Amino acid sequence: MRTDLVRPGSGELTYEIRNIVNVAEKLQKHGVRINWENIGDPIVKGEVIPEWMKEIVAKAVMDNSTWGYCHTRGVLQTREYICETTNSRGGAQITPDDIIFFNGLGDAIAKIYGSLRSEARVLMPSPSYTTHTLGEIGHAHSAPSLFRLKSEDKWRPDMDDLRNHIKYNPNICAIMIINPDNPTGMVYTEETLREIVQIARENDLFIIADEVYINIVYNGEKTVPISDVIGDVPAISLKGISKEFPWPGSRCGWIEVYNGNSDEQFRKYVNLILTGKMNEVCSTTLPQTVIPEIVRHPEYTLYLQERIACYEKMSNCLSQVPALQVNRTNGAFYMAVAFKDGLLNHRQSISIANSEVKELVEGLVNQPGVSPDKRFVYHILAATGICIVPLSSFSTPLQGFRVTLLEKDENECRRIYSTLSEKIGEYLNS
Amino acid sequence: MRTDLVRPGSGELTYEIRNIVNVAEKLQKHGVRINWENIGDPIVKGEVIPEWMKEIVAKAVMDNSTWGYCHTRGVLQTREYICETTNSRGGAQITPDDIIFFNGLGDAIAKIYGSLRSEARVLMPSPSYTTHTLGEIGHAHSAPSLFRLKSEDKWRPDMDDLRNHIKYNPNICAIMIINPDNPTGMVYTEETLREIVQIARENDLFIIADEVYINIVYNGEKTVPISDVIGDVPAISLKGISKEFPWPGSRCGWIEVYNGNSDEQFRKYVNLILTGKMNEVCSTTLPQTVIPEIVRHPEYTLYLQERIACYEKMSNCLSQVPALQVNRTNGAFYMAVAFKDGLLNHRQSISIANSEVKELVEGLVNQPGVSPDKRFVYHILAATGICIVPLSSFSTPLQGFRVTLLEKDENECRRIYSTLSEKIGEYLNS
Amino acid sequence: MRTDLVRPGSGELTYEIRNIVNVAEKLQKHGVRINWENIGDPIVKGEVIPEWMKEIVAKAVMDNSTWGYCHTRGVLQTREYICETTNSRGGAQITPDDIIFFNGLGDAIAKIYGSLRSEARVLMPSPSYTTHTLGEIGHAHSAPSLFRLKSEDKWRPDMDDLRNHIKYNPNICAIMIINPDNPTGMVYTEETLREIVQIARENDLFIIADEVYINIVYNGEKTVPISDVIGDVPAISLKGISKEFPWPGSRCGWIEVYNGNSDEQFRKYVNLILTGKMNEVCSTTLPQTVIPEIVRHPEYTLYLQERIACYEKMSNCLSQVPALQVNRTNGAFYMAVAFKDGLLNHRQSISIANSEVKELVEGLVNQPGVSPDKRFVYHILAATGICIVPLSSFSTPLQGFRVTLLEKDENECRRIYSTLSEKIGEYLNS
Amino acid sequence: MRTDLVRPGSGELTYEIRNIVNVAEKLQKHGVRINWENIGDPIVKGEVIPEWMKEIVAKAVMDNSTWGYCHTRGVLQTREYICETTNSRGGAQITPDDIIFFNGLGDAIAKIYGSLRSEARVLMPSPSYTTHTLGEIGHAHSAPSLFRLKSEDKWRPDMDDLRNHIKYNPNICAIMIINPDNPTGMVYTEETLREIVQIARENDLFIIADEVYINIVYNGEKTVPISDVIGDVPAISLKGISKEFPWPGSRCGWIEVYNGNSDEQFRKYVNLILTGKMNEVCSTTLPQTVIPEIVRHPEYTLYLQERIACYEKMSNCLSQVPALQVNRTNGAFYMAVAFKDGLLNHRQSISIANSEVKELVEGLVNQPGVSPDKRFVYHILAATGICIVPLSSFSTPLQGFRVTLLEKDENECRRIYSTLSEKIGEYLNS
């Protein structure tokens, strides 16, 4: 090329949650059977979509109108339905114009961070879901600002840390939360949400609330959508059907904008997000179309409850492993566990039977700069086929891993956790 | 907000092709019946999806696997199928790793321009499809570099102009073409494509070829995919199912990367595009899944031919209007026509019966800075309900409009064109 | 212009310390006699350069070599002389290659901040000398990060605040101090300097120390150059002759780089600063040439001591004004005083005899957004001809003003301070 | 450092005109006597400043006021004097507010390019003086746009090339010329200047005219300052005393702004340049102060004429060397010569007696990527001590060198050119 194409320093970003897939696929070719505990996709873990739900979609496919473009903001009837749902709670009141559909929340997140000027920074939790942190890094070209979720206290947010970041970093313009949280499974209390909203109000910030798991809460915990407590503070809520129906392959999510006209900069910012979507015409029509019918279906609530009950059953799965700091999962379907301080080192290993696989993994983990938990995770993958994600890849200095609670076959699920427990011991004692 | 959120100067972009929809919707509320000639959506113009095609999709919906995430690059079997198709032509040879699926070409275009460093510029045709020019403007924060399609010579590219842009602007790193072209309906000859490839080779540039209409060519014209003539030049082809099945609401398109490893900067660039998609997990699974079965279906070819025959029939529709410079459409399904020089002014009008509608339109077109063809287009919309797009909104100084050839009802189609002819006369003589 | 020339949002920066000069000049045309207490220029306040010093320079002028370019880094003999001086203290050891001369510290500051990538931020004191804060704002396009100098505690730095900024803002790459400080006259103790160096060491930061006033310390205070305590931490010291000889019109200052090769990024950064200077060939030759002879002159030390004694005599000048929070000045030759909380408002005034002057000033201070201390300062200027600078223009929320201790005529000096005291009373009681 | 300090890709810029000095200094240590033909400093080549001129400056030194700061724009009396000079020609009319003094034109150039937004580009000649091209590259982070000076036609500008750059690169906002030109010695005719102004007018561009050599024209050539022909087009002229008095060590130059209020963007841009200077307080006072007295001195004109006569005498010095394409120098005091096509290669050499020197030079020129003329220049330096600059370092593909006409000793001057002629032969035939 006669001129450089990419910004110096870019072009070689890695994304651990996805990268490990490439390794796992290589192992598959060596005959290793993989348990995909690395990704929040219920389908791949055996979830079966109910017949009635499939039939709603199949019926919609037979209607020509679902094949065409829809409005840039999304199908009007569905936006009206969402407005009703949100408005009926009595908190923030919105109109269909306050809703924009995206091709999944990944698309929404890319546009939310990408539309900010590079100097405006979003404060986010640590650990944090990678798509958010990479979105933030991508737009700002520097390390994200992170407030701590306390591994020693049920992953609750460290509110002093949150306040100090805002006080000492004048570039912070927004607070981002994920409720229930990914990767920790923590559920924000209403009181904490109100406190965060108040901090935003006092400091003239807006809030980004990723609420894609908002209806997946258990163990008796309670939370509310941010719209219930937002008052007059500008905010964006992210919602979607990927995790709930579950239909991750639909790439269908939306944002709800609260108090969109209360601040001129915020208004311009939301308009810029909309312009980005307008330039792509619109988002997927079919999944948007069927949302009201599916959610209103008489069996929907029960179906979701049954799935949630499964997650609840597994929500304390690794608590008996003494090397780990485990906080019970109370929402979403991930568990994030940290090894106790100082337990991991760069010499530990698990025996790997297949010599080719052994060589492949050792080549990967003996690179300089590999974090101890990445070393652990690759050994687990090679020795057991269980594919988990290093906790340190979620923007935290903690060493550990994230595992899902999604395996539909209960026996297999228990086998996975007991295998993990056993192999952790072997690894630490090696 | 305590700090500005958007880059100064941004936040107020407008997008004429979509904006006119807002006006048309207001007119609908005043009882005006709209002919949506503004958008390339066959469905909205009455295209009926064949039963066999719907059934393929509905059957796929009943399969759980179409509900889950797919590979970041897209469904492997479909990528393998596409490779076969491309490779069998004997030109560029690719593997499934050279294909990345996106949520429609709008998504692909956003990532293609957005991954370039801001100083690297893409040369594009004028007139040009807005999504490309806005993508280029958005990443570079300045006016696009445009080579001229000759309205006086069948919209063929002005090759001297193209060469001069490359010679005199050292920041240009790529040539973008749309083949067949939107909005002009021009089809590139193989000879011209070879010439463009040779210019790229000599100047160490890459090529972006938007080939979403590549199978919609008529009037005896011939072209080839860029992969047939690309040789050793790095290139990206954009393809999709929105216009061909047609399934615009699926948001499903893909890029094919040719000679992706022949240049280190190009390799990094493509990797950055992939990273952007990886951050969103993947693109829509369902439509990707059904592509091979639909394209291989015994009725597919005939079905497409019948649609093409309709477009061909209308492809010279406005040629009898003496005020217009009309080039017959030979591909895709748009016609771009320019008024002859000096015919439009800021005083012309058509009588609008409804006084409220009249007031609305006059308020819009009597703003300072409104281009003469935008004035014309809004009068046509208000007086006839025919919604067309001003040609000047496609990055060209030419004044005219783009109309589609999509109306499925042949009588209605003829009525639209004759109404346009008649009203053009009334407007020019007013 | 066919394309915008300036970054949106720029082009209209104001610089209060200089702006007030425009107003004062207008007042001069209305017959107001001005006392220029706004700028750190001893000459304008009556300082007389000793004959021996002038003769050294006049003699050098007769030597052809002082008319030519010098080395990009500066005159070698002078850099060697500076090295000896610094190295003989036994702290940081440097070579002539670690010194770069600039056209005054304004030039040095512009290049020091301008060579940083926009994401890398320098933490600086509040209040802070405007040239530093505007340099930082200019390179980063956002508000500066500021640690507090405590007006309630002799303007000593709030070390907790300093530590918290570093902890909570990952973009901070350096700590900037001015010692002795402008505008507060505070002198850093050796202990505090060591503490700041240790913070830099622990957080992998570098230090910028503006030491242009390093030899102007009094009231029995003691400090040391940063080179005495810097140890192995990368640092840049700024020094010059503007304030000391004093020869502000020479535009002659230099940087000393400590531990310039201890960190690869720091090495590249210093090299970029040098490249900026190389592009301008070199800095002024004449003043560089005479530095060793002047400083070594037998009368130099005594001369400087006499000047310092004058500043010391005035260093507590406004302490009797009850409305003010006054900290004695111990170094440099400015006093920064803050009004006690709540004393200033937007309705106070002093009677201004000349009606044209009155109108001019009221037009300026009754604009929306004018800070209370700016209102005060303009009234003082118009009523008394004493030109001081609002404290809030030094990046602090404190309301007050900066005055110099430079007036050479002791009676005039006392008159100025007593006039200020009196008019403060009139203003507050109005 | 905990965060990167410099923009990726920067920090390692080289500047050939200055770099060769480092090599020459190394050679000096090996006993090679150097002729400094690389830099436009008359003093270093033996120019003796007239006594009367030195005495004016020495006298000014004895005046306290020359030691203080001056106005941010520069000493008012001098600016008034310059206005008179410019205005009396009858072209552009300016006030003292249209003049800003800088610390040499290097400082002015840094601020002129540095104040443009990065997307706005300045078209400049090729070959071009390095400070301009590096200033442009630095602000835009990409290769400069260059119009060709025709080596085959007396270095006259290729006006078609100039027009095409403007036509095909929409980011170009200004045309920069150096008149008389450095490094070619070409003098623009009034007709060409008028043509360039007209092109700027038609395309809504401004003009930057570096006129530091405007009074050094000979061989019967004629030119005019740009102010004579600028009409209503916004422009900036750069002038200074470095080359004319000559006093390069003074770092004293200024800009004159023509039609500064005729365009809002241009007004903001000039204001931004002024703000940059304001942030540094002001430029050097002493040299500004003496300008009127020196220029008005009865001997000044004759003195300058005598110097010019020397340059004229040498202005065709290398025309007898058949391997070179030589255009007589008609202004300034440089000669740029190009080798005829294909004469230089990577194997040629001159015998170098000192083996250490030989090794040093071979280590430098046998690096990959060294241009053929750089190889030539280093051989000449090592074999003869004559330090010249490769022509290719002046942003041109031409291979050759720039030599000065400054050597004051006529015999030495002739010896240098004859040595060059001879060694060129030896090199080419080796």
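Each chain gets a letter, A, B, C and D, in the order it is written, and its residues are counted from 1.
By our rule, a residue touches a chain if its C-beta (ideal position, glycine included) is under 8 Å from a C-beta of that chain, and two chains touch if they have at least 3 such contacts.
Keep in mind the model is a prediction, meaning the values are calculated, not measured.
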Label-sorted list of chains bordering both subunit A and subunit B is C, D
More contacting C-beta pairs: A-C or C-D? The answer is C-D
CA centroids of subunit B and subunit C: separation to the nearest Å works out as 58
Cα centre of subunit A to Cα centre of subunit C, whole Å, reads 49
Taking each chain's centre as the mean of its CA atoms, subunit C sits from subunit D at a distance in Å of 34
Residues of subunit D that touch two or more other chains sit at 3, 7-8, 118-119, 142-143, 170-171
Subunit B contacts subunit D in the complex at 118-119, 140-145, 164-165, 167-171
Contacts from subunit B onto subunit A in the complex sit at residues 1-8, 10-13, 15, 18, 39, 41-44, 47-49, 54, 57-59, 61-62, 64-70, 72, 103-104, 106-107, 109-110, 114-120, 130-131, 134-135, 138, 170-173, 203-206, 234, 245-251, 263, 265-266, 268-269, 271-272, 275-276, 278-286
Within their complex, subunit D touches subunit A through residues 3, 7-9, 142-143
